[in-house]
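The next part holds the structures, each set out as structure tokens.
Okay, so chain A shows up in both of these, paired with chain B first and chain C after.
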Partner chain A sequence: MTQTARNSGSAKPKRGLTDSQFALFLIAPLVIFQAALTVYPSAVALWMSLQKFNPSGQVMRFYGLGNYIDAFSDPGVQASTVISIEYTATIVAVTVLLGLGVSLLLNEQFRGRSIVRVLVILPWAIPEYATALLYGNVYSQTYGTLNGLLMALGLIKEYLPIISIGTIWVLALAYAWHYAPLAIFFFLGSLQSVPEDLYRQARVDGASAFRRFKTVTLPYMRYALLIILVLATTDALKSLDLVWNLTQGGPSGMTRVLTYYVYRATFVLGNLGYGAALSFILLVLIIAVTAICFIVLTRRRR
Partner chain B sequence: MSTQKKESEKKTKNTNVNVTRRQALSKMGAAAVGAAAIVVVGGVAYYLSTSQAPPSPPPTTTAAATTQAATTQAATQTGLTAGPPVYFNIWAYHPEIVAANMQIFNQEYGENCEVLQVPGDYYASLLTKFMTGAGSRMDMMYLHSDYMTRYYKAGWIQPVNDEEHCNEIRNDYGNKNLLEVLMMPDGNQCGWVYFNGTVPIQYNGKVLQKAGLADDTGHIKSSPKTWDDFVQMCRDLVKSKVVKYAYLPKWIQCGTCGINEIFDEYCISEGELQFDPKTQEPTLENDRVLHILENMRTLVAENLADPGVLALNEQDHITTFCAGKHAFTEVHDYDLVAFNDPAQSPDAGWYHWLPAQPGSKGWYPYMGALYCISSHEYMKRSNNEAKRLERLHQFYAWKDKNGNYVAGKQWIQSPPFLGQPYTQYYDDPATKEAWLKQTYDEGDMAVRRNAHLTAVVPPGYHGMVWYSNWHEYLMDILPKMVLGEVTPRDALTSLIDTANSLRKEYGGPEIWK
Partner chain C sequence: MIIIYVMVAAVVVWSGFPIYTTVLISLMDTAEAVLTPTHWIPQQPTLDWYGRILALVPDATTGKMLAYADTFKAGFVNSIAVACVVALLSVVIGSVAGYAFARFSFRRKNAWLISILISRSLPAAAMAIPFFYMFHQAGLIGTYQGLIITYLSFEIPLATWVLLGYFANLPVETERAGRIDGLGRLGVLFRVVIPESIGGVASVGILLFLLSWSEFFFAYILVTGSPAQTVPPAVSQLTTIMAGLSPPPELAASLVITMIPALVLGAIFQKYILRLKIVDPVVARAGEEIPFA
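Let's turn to the complex of A and B:
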């Protein structure tokens, strides 16, 4: 018997697809969709990051890792990275603290709690762009509501250039105002899963309010807390609208976050290769931060 | 027993049709593929049906049909046939005026052209469009001059040298300096002026009057002749305690209209053009430029200029000056309307231009934008389409088929009165009447006319594909310098080094050969 005959004799008749093939068939549309929207543009961006472009958006020459090397030696990138870290750290800290405080309050029983819960979530529903416009009015040196409030309280004698004084910090506060409701949403959900019996037992044991929070509440909120840490950190690092609309990186580059720097390199200066390289550096930074958060989460779970 | 059981199971299987999850998904998948196929076929059919030229209207006696016949006749008269819409992409600035003009054009020529307002950041959208072809079609568009240079070099802008009436339009321009804006180093002209203006110093007469520097009508008594005079006047104002800061310079963060543009303003008023137009080498190493930088620093160091402006955007800058807390600023000339609008400013009616720009030359800088036509593989067009587009281009930038200035007149005679390149507009009684209604006085009108017709274009504008990089660098270094982080001398050295470095990196005039 020849090999061919053996094979043909032993081969099972095939009808339709195998389970694996069928599974692949099912996920194929998603894979194609993802490839079209993510993989392909990323590949193009990677290719661009290895080229030297002129301001007309034309490739001048293959530049290898030159754009990445330039980025690491660019004082503007270094300054922007520091500003981004300050911006992100402030946003995360304020978001978490505000989220915790408000969610603890909203977890209490009081009249009109449902309405307050709805109102509290509203800032998150406002787009970042609209938040920027809103805070332009709040911080304005000429007609700003914050200046008006401070003046009414007798704390200032004349309107102050709040953005010039507070720079990246006041922008971070605006973003945290926009973002904190998401934290409240997550934290409130966690708080409602804490069994009331545990609080009772803790009270019986004479635990103080702080002790009850630390030993009873916090363990239940840990996962929500870590999710918010990851989300707030990545979203703050990616944020551009607020800076773009409020200050365009000013005054004197003091609010020039890394995303603004990427935007400027790409769309204003037409240096597409450099902009792409900076995007990948930002991506690595975001992945690193996310990974750290998840490692912390995994360790705690063990 | 076992035989009976098997038969029973067999019966059960026959009566109850069990569908596995896999079978269900298979059927759903097949249905989805079928639906997708229908959508694709339908889409192709729709595309084919709409991409053909519309049929001629049947002869009827209705008013609509009469109009259609008239417009078709208008299109035919010029030997052009109607076709798919030609698109004019605009940024968000008084789109209602653009749309009104488009309506007139469509009626006059039996056309179906459309205005598309680009959402978000205009140049980012344009770049994306040119790089990827994504989104709606783009035929005509606005461009600032420095972007035009870059886009033309990239092959995204079409020269207009061969347009009919090209020389007539050139000759019609009141300020021939504007032709410099349009010309590329290779001799091609890349567009027509959409609007042209200047950045003159404006003052609040009420504030000056309180300090005894303006007469009863709020007009300045003695206009500063030099920038040193100007700085001294700011000192006097602050000393008089009428205002905390005398000057709200337009030192904002804006790529096309911020501290970089104001530096150009200072330089041009002193006759300093920053770059040699032929070699594109910097000409900044001189005492004039150093003194300009020193004055900028002095204004902040002596608390004469409001440093808070460094964090403002363009609209906030205008609003801040409207509040009446400063004596001087500079903005694009059309913004005088905002200052003199009672709804926006408590001191409306008190704002005027300085009769002459300070500086040894007193020249005004050109600022403005152009109408350009795209040229790209994504925007291929037939000869018929190209001619229709040319007609649209000239309608907006010059005259209609009857020889009337239409679009430009709308701009210059409606608030905020965008400047136009034709002298006729300024001499038109209708323009005068419209301007006087908006609290312009005769003196301001004369200043504006003079400024428009004599504005000087920085030679650095032409053919420097890296001009945006230069302007962005000005936005980096100048705020640091005015805040005292860098000395004027170091800032000047840095400016020269950067100019040389950009020229070396991206090329000088040789890239156009």
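Let's turn to the complex of A and C:
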């Protein structure tokens, strides 16, 4: 977008400010807010991570890197990391596969296609916390409709505690329900950019459906795929509202993803310094994932 | 062809099932909602719970208005107020800055842009910690100000980025004409650019409104149980996961009411909302290569 930037007025400075001074004047409010609302809180968080807090939220003493050292020997952090990886991997896999399947399906001609498209995208408009509450009704052991559906299909004889059985996997499915529309939308957009001639040519050449997908469609979807991979991975790692509203990390810590662990350490157990240190570790993890994706993306561009 | 319709039906069931479930339960009385096996169509559909939550009818057993109705109503008012203030401020600051990024070149422009994008990748769980501590010190827990400040921290950069793209795609001819007519740069911005782009700027404002409307975690940390409580923590407290044993239709009906603004605005502004996700340091550049559905 920056390449399209053009100077509006004449280049030679009239009275007062030059163009670049004028631009700095315009971005000044943004810069001030950014400094006050992002840079300053980040600095506070860094300072907090170096202190020992008491459970009522007061600084006790300088603790150096103690919080970070504690974090690396905390078995709870290790368990949460594994859970977060399972959660993220499931979400990414379901989002990409479902996104591919549904967008290929919705790219076909059938009656009512435009209504179905709107309907399929709709879960994206439902906030993450509300998704959790919707799925509370679906997964409930006492009145859950998924139990009702499975029973109606004759697959189960009595209502099951779905979340206790499925733990982090069924939570990931609920998140993917909310998230997959994003993939469907991006994939549909790139599918529509495939020239019709190429398909016709491939059919004339006798290519199978799978081969047509691989050689004709997939190259056009590459960027959309990579974007969804990056977004789904980072968003899944950042996700907290769903676990918070559906299980509170339970049963017995089996759905305690890293973000929930950070929340719990800070706001339930009251260890603000430890929580701040954990959040920096989480941040480094997210930035690392983002950086890896960035390298892959830019290399593919060349 | 039949295969396609079967698959489409499956996709529709997958997308619609949780929503149908919740609407279904919201239309039942408490006894029917917890019956097994599930009734797929309510035997005696009732809007009773909607009436109770909106304080239109009293509770049948106690004869009094539902206490939760007050909480819910206050949450609605607070959510709308906070979301409007945040959207307005973000759009004003974001459009001025976005315009500067779109039209002028200046030193360290890319560094500024990257810093905007980076602030978008901070997880809420991480940012909540310093904000909570700072607001605790400043006595801003449980206030509108605290929540508004927090939301501004991520909505201003977002507004700037989206509006940058918007202004970069506007033709510069009318602005040139404005300059020739003797307007200063500020005059061009306020007399030409802003009136010309008011529609686009307003739709960005609506998206930002939805963002605040949907935000749960900061609201939970900062304003739960306070007079400034917004809708998401108010609805969330009804979940059966927590200690409370509120009847399923109560939660379902309040969820449906809460989702209506998001669904209506979401359906109208679908493309904009989805494109908003391109606001990310990694995908911002690559995103330009994708045509949109």
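Operating definition for what follows: the second predicted complex is superposed on the first by the 284 of 302 C-alpha atoms of A that agree within 3 Å, B and C clash if a C-alpha of one lies under 4 Å from a C-alpha of the other, contacts with A are read in each partner's own complex, and residues count from 1 in each chain.
To be clear about the criterion, a residue touches a chain if its C-beta (ideal position, glycine included) is under 8 Å from a C-beta of that chain, and two chains touch if they have at least 3 such contacts.
Computed from a predicted model, the values in this text were never measured in an experiment.
> Overlaying on chain A: chain B and chain C, fit or clash?
After superposition on chain A, which the two structures share, chain B runs into chain C.
> Just checking: does A:S252 make contact with chain B only, chain C only, both, or neither of them? Give me first, second, both or neither.
So A:S252 only meets chain B here.
> Thinking of the overlay built on chain A, is A:A45 touched by chain B (first), by chain C (second), by both, or by neither?
After superposing on A, A:A45 lies in contact with chain C but is clear of chain B.
> Touching A:F33 in the superposition: chain B (first), chain C (second), both, neither?
In the superposed model, A:F33 contacts chain C only, not chain B.
> With both complexes superposed on chain A, which partner does A:G99 reach: first (chain B), second (chain C), both or neither?
neither
> Have a look at where A:Y143 lands relative to chain B and chain C in the superposition and call it first, second, both or neither.
Both partners, chain B and chain C.
> Taking the superposition as given, does A:F267 touch the first partner, chain B, the second, chain C, both, or neither?
In the superposed model, A:F267 contacts both chain B and chain C.
> Who touches more of chain A, chain B or chain C?
The partner that reaches more residues of chain A in the superposed model: C.
> Just chain B (first), just chain C (second), both, or neither: which does A:G57 touch?
A:G57 sits against chain B and chain C alike.
> Can you tell which stretch of chain B collides with chain C among 4-12, 22-30 or 202-210?
With chain A aligned, chain B clashes with chain C through residues 22-30.
> Once the complexes are superposed, what residues of chain A are shared between the chain B interface and the chain C interface?
The overlap between the chain B and chain C interfaces on chain A comprises residues 19, 22, 26, 57, 136, 140, 142-143, 244-248, 263, 266-267, 272.
> Could you please specify the touching residues of chain C with respect to chain A in the complex?
Per the touch definition, chain C meets chain A at residues 1, 4-5, 7-8, 11-12, 14-19, 21-22, 24-25, 33-38, 40, 93-94, 96-97, 99-107, 109-110, 112-113, 115-116, 119, 121-134, 136, 149, 152-153, 156-157, 160, 164-165, 168-169, 172, 175-176, 179, 184-186, 188-189, 210, 213-217, 220-221, 232, 235-236, 239-242, 248, 251-252, 255, 258-259, 262-263, 265-267, 270, 273-274, 277-278, 280-284, 286-293.
> Spell out the part of chain A that touches chain C in their complex, as residue ranges.
Chain A residues touching chain C: 1-2, 4-10, 14, 17, 19-20, 22-24, 26-27, 29-31, 33-34, 37-38, 41-42, 44-45, 48, 57, 102, 105, 108, 110, 112, 116-138, 140, 142-143, 145, 147-149, 151-152, 159, 174, 177, 181-182, 185-186, 188-190, 192-193, 223-224, 226-227, 230-231, 234, 237-238, 240-241, 244-248, 259-260, 262-263, 266-267, 272, 275-276, 279-280, 282-283, 286-287, 290, 293-294, 297, 301.
> Considering the complex alone, what residue numbers of chain B touch chain A?
22, 25-26, 29, 121, 123-124, 127, 130-131, 150-151, 153-154, 244, 252-255, 306-308, 310-313, 316, 319-320, 322-323, 325, 465-466, 468-469, 472, 475-476, 479-480, 483, 485, 506-507
> Flag every residue of chain A that touches chain B in the complex, lowest number first.
Where chain A meets chain B, its residues are 19, 22, 25-26, 54-58, 76, 136, 140-143, 158, 161, 163-164, 167, 244-253, 255, 263-264, 266-270, 272.
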